[in-house]
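Here come two complexes built around chain A, the first alongside chain B, the second alongside chain C.
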Partner chain A sequence: MKKLDRREFLGAIAGLGGALFLGGCGKADGESAQAVTPRAAKFDDKTVVVASGKDAAKLTRAAVDGLGGMNKLVSKGDTVVIKPNIAWNQPPEVGATTNPVVVAEIVRMCKECGAGRVLVVDHVIDRPSEMVLGLTGIKAAAESVGAEVSAAQNESDFRRIEIPKGRLIKSDTCIKELLKADVFINVPIAKTHGATKLTLGMKNLMGCNWDRQAWHRSKLDQCIADYATAIKPDLIILDANRILLTGGPKGPGKTKDAGKMIAGVDPVAVDSYGATLFEMTGADISHIRLAHEMGVGEMDLAKLTIKNV
Partner chain B sequence: MTQGNAGRKSKLVRMENLRRVVQVLCFGVFVYLFALTIGQYNADAKANILTSKAPIDTFFRIDPLLGLAAMVAARRVILIMLVYGLPIVVLSVLAGRFFCGWVCPLGSALDATDKLLFRARKQTREPNNLALRNVKYYLLAGILIAAVFGSQIAYFFDPITILTRAFTFSVFPFVTKSGLKLPLVPSDVQYFFRFNFVAAGMLVGILALNSISRRFWCRNLCPLGALLGLISRFSIVRRMVKSNCIGCKKCIPECKMGAIHDDPTQYQAPECIYCYSCTPVCPTLSTRIAPSIASEGYHSDLDLNKRRVMQAAGVGVLIALLGKTNVAAKESRTGRVKTSSPMLIRPPGALPEDEFVARCVRCSECMKVCPTNGLQPALAEAGFEGIWTPVLVPKIGECTRHCNLCSQVCSSQAIQPVEVAEKGHIFIGTAVIDRSQCIAWNSDKQCLVCDECCSYRAVMWQSVDGVRRPFVEEHRCVGCGICENVCPIQPLAAIRVFSFGDKRHLSREEQRAYLDQAPEIEN
Partner chain C sequence: MNSRHTILCVALIIVLLLAVAANSAPDVQKLLPVKGELAGFDIMPETLVYGKGVNVSKVYNGGYEVYTKNGVIDVAKQMYRRGDAFVEVTGHTMKSAKAATDFINYWAKQREAKAGTNADTGFGFVVTKPNVMAYYAMDKYFVTVGAFHTQGNPSKDVELFAKAVRKKVKK
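Moving on, here comes the complex of A and B:
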């Protein structure tokens, strides 16, 4: 073996140190925020479709068909990102996470329209996230119909975004994959929530950002409304087949088989309808009211077309 | 004759090579088992959702020093260590310290270090201090006497634990930090450990001692080696030198352990690790290692200094007594909670404190497997006796709901088996809300993250002055610490878990009855 003399050894150390130093210099100390330009709605934004029945898969399809069908939204080769609620380590029957049957049916519909990559993603709260994806049934269900399932658990999975219309937050983060997607579908589950009374569609978007704690330290309802001005789903499918009445958002608590699936593109309208399932109105929920005031959407159900299918 | 010699020589060479192959294999198995010490999601078995591929703690089960010290100190038979340890004991009685030469992963690491770093050292000028090698027996004496007095200190000197701790505390965090998507490496938790410097320092120090002589640690310091040497005094596998020895002394510098000195036909049996290095160099091929009871050249006597043995035993007694009378041993007036640290939160299933500390061999497997990195080696929480035992540090990681991995990997069963379903009534601590810090209490913020995240519905909100504020229901709070971990106020969370809810001294039925006292949940 060739012997290393002192000079070479010191040279190598210096080289290594230099490389590390330069590597560190290359890191930007703060990524500049990216503007998010919402796409034009593909469905009528004044319509909220409410499908009633028992079978979750059929309800899902009926709700989307009622709005005009998935083929109006998804074109051949599109990358679709689906954001269900997979925050908690609970089996689906608890009603704390989106029903995997609903997620699978949406994936199937996207694939039928020729979608390329379909990614199911969430920022999971309970750990380890791999177990959460498993126990909630989402991983098995979505992968069986050809979707990818992942959890965005590292800060590097997020990108900084601008929120120009935000009152409190002017900039925040969002899951990178979601920003790159051609189609973004928000698939929340309807349930009660300690801090915000209810968690529906706009609250589910809180799982797209990295630092949730910051919103709690600030004003939560305002932050949710601010975020909704920047991140707009192309389609919202609110899973209200089984809703969690107490113990939300994680449960376990009392559940009710409401047998509803609500589809729409107006986040405020969908949430406002969702609130009625809990014998409340959109105006009772601060973040829905704030989003309405900020022009995110329409809270007044009388001004909307509610289409029952 | 020449042909016959050549044939025999290659066979002799093979024995040494076989030993090398076995060493590499055993080290590989050690690393593989270490890497397997992770939780793997098992979708089919809902009761046991995370499984760890057994038996990943094999090396700790078979280690007779740890088994003996833990069993004596805890005054309990630890069946799993007995069953796995006995074969090694029996084999060592028959075949000497083969474990050191063939199996021990630290021994193999030392041999590899020699090959890689200390090649240039002149073996002939290697010091061979005969008095120094007695140190390991003195250490063993101290360890065993301390165990008799109820204090288990074997963990500090045991080679398997030293290596595993270095791997867990110092190497594993590098692997997770590297961000490489490797199989068996958790992708969403970056592991950090206290004591990473100490663990790495001990291993590097032991490896560095090789610059003085080969296997310096094994020759002079290793108490496991001392134990195996002691029980192998009547071993029937022996080194024999035939009468055609020409006295060339080539075997003497070849011996890694310095077990042969001055007279090549003689050797110190308790020092021999059966590495077969001495046989192939013999020009007359008169050296053999084979089953025999021939007494010629076989020396099993130890030239121990009785005074030193007594001194070591005295130190062992002192350590045990100091541990038992340290303030950390003090219990609260009522109940069985140690007063030393409110942060002494043990993993669920942990035995009552005294037995837990006596049994725990500080192998660090529970901390490696913990999926949230919340289990950390104790600094001062458990006092002098409990240093490096696992404590839950909720601000680093919570005890996650559907997990019992630490109880699955504990070789000494200081953490008793726990079913995931039982975790709702195994109380390891209690959460307390610090209303002066809590933003829902002190500034009416919309924050109920603790209530949201609680897996046991122990944190609940009530409306006070028109604002929803968190409360802890003590009968349901098991002390898992997720509330402290997720609290937006960091690093000193506004809700914190303390040890006062620890109910390890109660049976599981009694703990269940305590949970049943919880009032109905309203919202």
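Moving on, here comes the complex of A and C:
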């Protein structure tokens, strides 16, 4: 028997009243909204590193080293939160979720820098979440190198945040552990998407909030751009080793072994480069263009240093 | 009316309300196999997801528009388990039987498969990579059955579930 759960109820109210985007979204944990103050970038924000090759682990390390190395970002005892795409019940070869080899290599690099706690977390879509963590290969891969892996599946796992620069969303929710972390690394996979054409780094942040449906009921691209004004990763590593060309976001579909790993700190710049792998530009993707207009980052690749390694 | 009668009345009302609530489940949800219907398989707790209209996104997230644009009205999904064997059944109410058939043809093209008619399972096709997954049009319903296991006989498991859904559609 279908139950009308709290999430559905809130969604229905929001859909009727349109009040969701006026500051009342996601009543996570009953706490007041928290202002999110991004830390100063540890890497040059005008540089995007593009590593090319076949070995996903080597690509990952090369991309981070190209920026200056993980030791510029992670210090001894730091808590690091890694946010891959672990949305779907699909094995890694489908290209719908971040390659577990990439996640494991990032964990390894963080541990080499003395990170105290490394948490790999996502708000998983398919159920049961434990099965998704297993089938994607991420749980086994990350735990084998010392990370904790969990799915943020309860509303109490989230906290309200303020989005003062948002055009549509003035507050929303974010995974608590991410807000408490010393370092936040966003690790999306590059793939096509039915609603937004592509899903890259900024779209991957959608998995940091509790109520995805609220964004779908509204203007999705604007919500993504708004959220990116508040939640800024310290490092983005875009897994483009194998990209999903059709059937995204869940797949299966046609894949291409692009053999790329893209690292940077400017979310718009990384996504804009990522779009080129699909023969598009940042301007072709609404949320990239919107985020650029809102000052989140630089969309024009000609104004960036693209460092090939 | 004494207290005994009151308790009986309250109990009767509760039973009636529960019965009404059970019957109020969306039709597409009633197509999903119930406990004990398929020997050996149990329903995995808290795996039932239902969405209608924009809430089809509860199942497909950003990919939902492909479904709604092709005529999906609502969707219900549930997972089943038998040891290490996992099967996911997803039923979709389409706006018409033709929309269901058209959607099969859409997916056949996407999955590079050829659709055909099977007396027990309807019009559709089965793919085996990356996992065994069946797509069927059953009257006004579009039904997918996916197996996530490789051991045993996932194709047979998928067929059993598809047949079970088809029987309910025929009723």
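Just so we're on the same page, the second predicted complex is superposed on the first by the 279 of 309 C-alpha atoms of A that agree within 3 Å, B and C clash if a C-alpha of one lies under 4 Å from a C-alpha of the other, contacts with A are read in each partner's own complex, and residues count from 1 in each chain.
To be clear about the criterion, a residue touches a chain if its C-beta (ideal position, glycine included) is under 8 Å from a C-beta of that chain, and two chains touch if they have at least 3 such contacts.
Remember, predicted model here, so these are calculated numbers, not experimental data.
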Simultaneous placement of chain C and chain B on chain A, clash or fit: clash
Chain B versus chain C as contact partner of A:Asp221, first or second or both or neither: first
First, second, both or neither for A:Lys58, with chain B first and chain C second: neither
Contacts of A:Lys46 with chain B and chain C, given as first, second, both or neither: neither
Chain B versus chain C as contact partner of A:Met131, first or second or both or neither: both
First (chain B), second (chain C), both or neither touched by A:Lys307: neither
Partner chain in contact with A:Val94 - chain B first, chain C second, else both or neither: second
Partner chain in contact with A:Arg167 - chain B first, chain C second, else both or neither: neither
Part of chain B, among the options 9-17, 27-35, 45-53 or 243-251, whose backbone runs into chain C after overlay: 45-53
Residues of chain A that lie at the interface with chain B and also at the interface with chain C: 89, 91, 125, 127-128, 131, 135, 193-196, 212-213, 216-217, 220, 246-247, 249-250, 252-253
Parts of chain A lying in touch with chain C, wherever the complex brings them together: 1-2, 8, 11, 15, 87, 89-91, 93-94, 125, 127-128, 131, 135, 193-196, 199, 203, 212-213, 216-217, 220, 246-250, 252-253
Contact footprint of chain A on chain C as seen in their complex: 21-22, 24-26, 29, 44-50, 54-55, 57-58, 60-66, 76, 79, 86, 88, 110-111, 129-131, 148
Complex contact set, residues of chain A against chain B: 89, 91, 125-131, 134-135, 140, 151, 153-154, 193-196, 212-214, 216-217, 219-221, 246-247, 249-250, 252-253
Interfacial residue positions of chain B with respect to chain A in the complex: 39, 41, 43, 46, 49-50, 186-189, 371-372, 397-398, 400-403, 439, 445-449, 451-455, 457, 461, 468, 482, 486-490, 521-523
